[in-house]
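One structure coming up, written as structure tokens, with questions to follow.
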Amino acid sequence: MGIHKFFTSLNDLERIFRAPGRFKFEEHNVAAHSWKVSQYAMFFGTLEELNGATVNWKSLYEKTINHDFAEVFIGDIKTPVKHASVELKQMLAHVEEKMMEKFIREEIPPEFQEIFLERMKEGKDETLEGRLLEFSDKLDQFYESFAELKRGNTDKEFIIMYQQALEKLLKMPLDVSVRYFKEEILRDVISEETHINIAALTNEVLNKPDR
Amino acid sequence: MGIHKFFTSLNDLERIFRAPGRFKFEEHNVAAHSWKVSQYAMFFGTLEELNGATVNWKSLYEKTINHDFAEVFIGDIKTPVKHASVELKQMLAHVEEKMMEKFIREEIPPEFQEIFLERMKEGKDETLEGRLLEFSDKLDQFYESFAELKRGNTDKEFIIMYQQALEKLLKMPLDVSVRYFKEEILRDVISEETHINIAALTNEVLNKPDR
Amino acid sequence: MGIHKFFTSLNDLERIFRAPGRFKFEEHNVAAHSWKVSQYAMFFGTLEELNGATVNWKSLYEKTINHDFAEVFIGDIKTPVKHASVELKQMLAHVEEKMMEKFIREEIPPEFQEIFLERMKEGKDETLEGRLLEFSDKLDQFYESFAELKRGNTDKEFIIMYQQALEKLLKMPLDVSVRYFKEEILRDVISEETHINIAALTNEVLNKPDR
Amino acid sequence: MGIHKFFTSLNDLERIFRAPGRFKFEEHNVAAHSWKVSQYAMFFGTLEELNGATVNWKSLYEKTINHDFAEVFIGDIKTPVKHASVELKQMLAHVEEKMMEKFIREEIPPEFQEIFLERMKEGKDETLEGRLLEFSDKLDQFYESFAELKRGNTDKEFIIMYQQALEKLLKMPLDVSVRYFKEEILRDVISEETHINIAALTNEVLNKPDR
Amino acid sequence: MGIHKFFTSLNDLERIFRAPGRFKFEEHNVAAHSWKVSQYAMFFGTLEELNGATVNWKSLYEKTINHDFAEVFIGDIKTPVKHASVELKQMLAHVEEKMMEKFIREEIPPEFQEIFLERMKEGKDETLEGRLLEFSDKLDQFYESFAELKRGNTDKEFIIMYQQALEKLLKMPLDVSVRYFKEEILRDVISEETHINIAALTNEVLNKPDR
Amino acid sequence: MGIHKFFTSLNDLERIFRAPGRFKFEEHNVAAHSWKVSQYAMFFGTLEELNGATVNWKSLYEKTINHDFAEVFIGDIKTPVKHASVELKQMLAHVEEKMMEKFIREEIPPEFQEIFLERMKEGKDETLEGRLLEFSDKLDQFYESFAELKRGNTDKEFIIMYQQALEKLLKMPLDVSVRYFKEEILRDVISEETHINIAALTNEVLNKPDR
């Protein structure tokens, strides 16, 4: 088969849900998540550009819309499993890569194969676009957990998810974006009326000694 | 408020469903739809480029990820309403534009307002990117109705949706993409085992006298 | 086709959901909403009658069960769109009317067409029954938003919905019903244990200077 | 408490689903069902009236919108249980009546109690309105099972439900309505394109020796 | 038919939901409930055994996995109905028994009928296993209502459900299990951060004069 | 914390769905699946016993109700990933084991730890009970895919799932059970009216040369 198979596989990502097994007030599928990540990247790419950076927009958008496509093959593996050991993590990454390659070799028409192999490989590299992808991906975890806490979800996992995302966002090597997030976005986040004390959870991270 | 309000509004598009009121085996939200449209555009943009066209990738991706953002304000208005009269269509388009503008003026930080106004305006223009957006948007209607018919949905609306999308795709001023769709994709589509006779529905359109 | 088409279209209203795009703990379809409106009308019609009014019950019940049937054709258009301009509102009302008329002319057997045209036209007129319909319709908006706030929904839209419904209910030209609502129902509403401070939101409206 | 308790209990009927435990492509709640029944009654009441009958419209509409309210207290008891023995059926009817009475005595304001007791009692009596209620209620079972069969539901229960509803409809002591149903509606039903052979299932009932 | 019919009927219990008609943040089907009950029984059976009791494990597990199978036939009858009168309760139990018997005689291969009749009969008897079943069944009601209260469900029914389950658990003739529940489990339950004041609700029951 | 944490974790398995990402007419959670597996085991254990085998019932039931508990930690990893390489499979099994062990050491009260470690370890061993577990687990895959095919799901994955389950069931070293399945159950399966030609798919496997 040809590209038709690839196109129908896109629909599968609408049925893979994030953070499976946790109680949530609202589910998010991987297709919608990918779209939100591309929207965050559009904003922060613009911000970086306005502050003097040179953005490869084609690369940035392709990284964001493709970054979770491999979940079609491997499904959602829980974070603790992935981080159980460096060895396992590498092995899973390797399997994922092989499955993607196999799919491309079998389903994508030959003249597009090299382009797809390039586009679908792991996008979170050291380039500005790779860092913007990681920042945007983390920002969606931040917003997903924020929405649950705001609605009153008391399951501890979302507090952990929220604080971990926050911590990683603040440490990203993207000075302009991180500052904007800290000064503009967190201010608005903290001022929202919420069930859970979001301000306290946020300040706990902001005031950590190593900050 | 600032960009935080814009970011939380993205979540609203995960709750606006396409083709409301029709019986479907599977629902599709506008966020996931936008992502699929950007994926189709990635492929057909590449195809056009391989055949000599010059693609403005930044514009193409921004058109696809932003093209339905306005549904946040106006909701899903049924197609027959939109097409009831030229006058009404223009008036609705005008209202949509005004609401988008108002939102941008109120929520988006001043230094980003011009960029957002530019990005969020109607993208289906005469440029190559505008045509690729329209082609990709129509292709998702094609695939959504195809999936329902394939699973046995007998409601007439999906036959109409399928044939109308097909007809519009074949008439798009994008020679290379249309030919590829007709020769490669339709061949695979027709060969799938389906409840409804997709091949017959497809040939009915292909063999219309005005083709 | 005949009345069979009309009967199957009733099912479509079970798939059109109220307040689309907002986060809710519970969805409400237009069919169930219509039923609840007819129940409120039964009560307030009885109340008005006990207080000396003459109620045309046939008209009252037909107004309530039919008042949202047109959503089958036009879908759910967001309130802000409808109120964007007087001109647009009139144009949409006109389109709705034309679609209803077209449907009746095409699907309803000739001997029933005049009766259906009469029954399906806009019911919120100056008659007692028209006012009871409007009161009951608004009361369901009141109860839908109340239920969300009670369960802890912090999205501002429901506070606005609740206060707007309350304000409109209090201003309806239906003295007996409004007094009963204010003295009996609001007292019970305020005394419920809720996440959001419903009593405060309610008193804010009750104590507005123009009351 | 007062009528507020009654109004909030209406919402409960949106969470009681018909034919629980069976696999269905689409669920129907009791609130939406009650509305559809009132719509069928509106049509057949009109038909009877056009043919010379005198319809008590207030009674007809109240019977239809109230006929399943008691499910708030007793839930959905499966049909085979209800029909296990005449004795059990009577006892369940008695319990239902007692619970309704208790609810009205406790929650409905005194001045409305007699009216509610009258309205909420079993409506399927020998009057024209009682027979129209029974006909309309059965018609919704007919349409619910028809929709499942049409969409390809192969579970035998829906074939049984469809044929039983059909059989009962044809036997109802409502000559004009039954004739209209048989001559007009069944003709359209049979001509629809469906997965299951609806025409055969229908003719099997129509051609039974005792017809 | 043979055992195939029994096996496919298991799937029906995945579509019968507990506490129908109540607003819940999370639904629970009878199949999953039965599994959780068997897990509680595994723990408390072990606890009793460690404290000197002799457990018939085969009987205990069969009681737990089979205890709600009859809901396939009778559906979910609301608790107040069941307890309306001793007479009705007995009659319903009798009908349930007859339906089960009929099913076994018709669907289960003859050589297994006696075994199935034995296994499917009411399991909550005076034996240790019967009491452990009742304790475990009640414990699931306790945990289901606890989870709703914890997430902020303000509907009074869950407070009642929670306190009734607690009260019954504390009165069960299973000294070791009750003590463990009271000293170990309740301590952890009370210390959870919850929307509703669970500690207060719990102490209200613990401090009742008759304890 | 103590056993309370274990009891609340049971609820998580109600939110982990089988075969994630595939289009299905009906979802199945891991809790309900575990219950169905225990029911199949009850039947086939009885059958083996009637034919002279000695069944350790305590072990059999504990194996079935516990066999997927580890999915709480690792989530649902797609089958192709697990089988990508022997090395990866072993590594994943190792991680799963370590996580289970860690959970038991941290959450289960000391006096129960050894018992839980024993019960929660991989149950599909060479014993009669281990083989009955594997047979029952595979039988649920058989029934899940059968139900989808019967309802008209045309996605190839379910044909593959059905035929693979069938093939494995027929090869299990459980002579009596396999014969019963082949002679009694398959006969009934094949005779059902289904959208997809189940008989043909079944015979294809039955008539493979190596049978």
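The letters A, B, C, D, E and F name the chains in turn, as written, and every chain counts its residues from 1.
One rule holds in what follows: a contact is a pair of C-beta atoms (placed from the backbone, for glycine too) under 8 Å apart; a residue touches a chain by one contact, two chains touch by 3 or more.
These numbers come from a predicted model, not from an experiment.
Colleague: Would you pick out the chains that touch chain C and also touch chain D?
Modeller: Per touch definition, common to chain C and chain D: B, E.
Colleague: Which chains make contact with chain A and with chain F at once?
Modeller: Chains in contact with chain A as well as chain F: B, E.
Colleague: Whole-Å distance, chain C centre to chain F centre, using C-alpha means?
Modeller: 50
Colleague: Between chain A and chain E, tell me the centre distance in angstrom, where each centre is the average of that chain's C-alpha atoms.
Modeller: 42
Colleague: Report the inter-centroid distance (CA atoms only) between chain D and chain E in whole Å.
Modeller: Distance between chain centres, rounded to whole Å: 33 Å.
Colleague: Two-or-more-chain contact residues of chain E, please, as numbers and ranges.
Modeller: 11, 13, 23, 25-26, 152, 195
Colleague: Can you tell me, using the touch rule above, whether these chains form a line, ring, star, complete graph or other shape?
Modeller: The chain contacts form none of line, ring, star or complete graph.
Colleague: Spell out the part of chain F that touches chain D in their complex, as residue ranges.
Modeller: 25-26, 150-152, 192-195
Colleague: Would you mind writing out the residues of chain C in touch with chain A in their complex?
Modeller: 23, 25, 152-154, 195
Colleague: Quick one: which bits of chain D touch chain E in the complex? Just the residue numbers, please.
Modeller: Per the touch definition, chain D meets chain E at residues 11-13, 15-17, 20-23, 71-78, 80-81, 84-85, 87-88, 91-92, 95, 98-99.
Colleague: Sort out for me which residues of chain E touch chain F in the complex.
Modeller: 1-8, 10-11, 13-14, 26, 28-29, 31-32, 34-36, 38-40, 42-43, 46, 50, 57-58, 61-62, 65, 109, 111-112, 115, 119, 139, 143, 147, 184-185, 188-189
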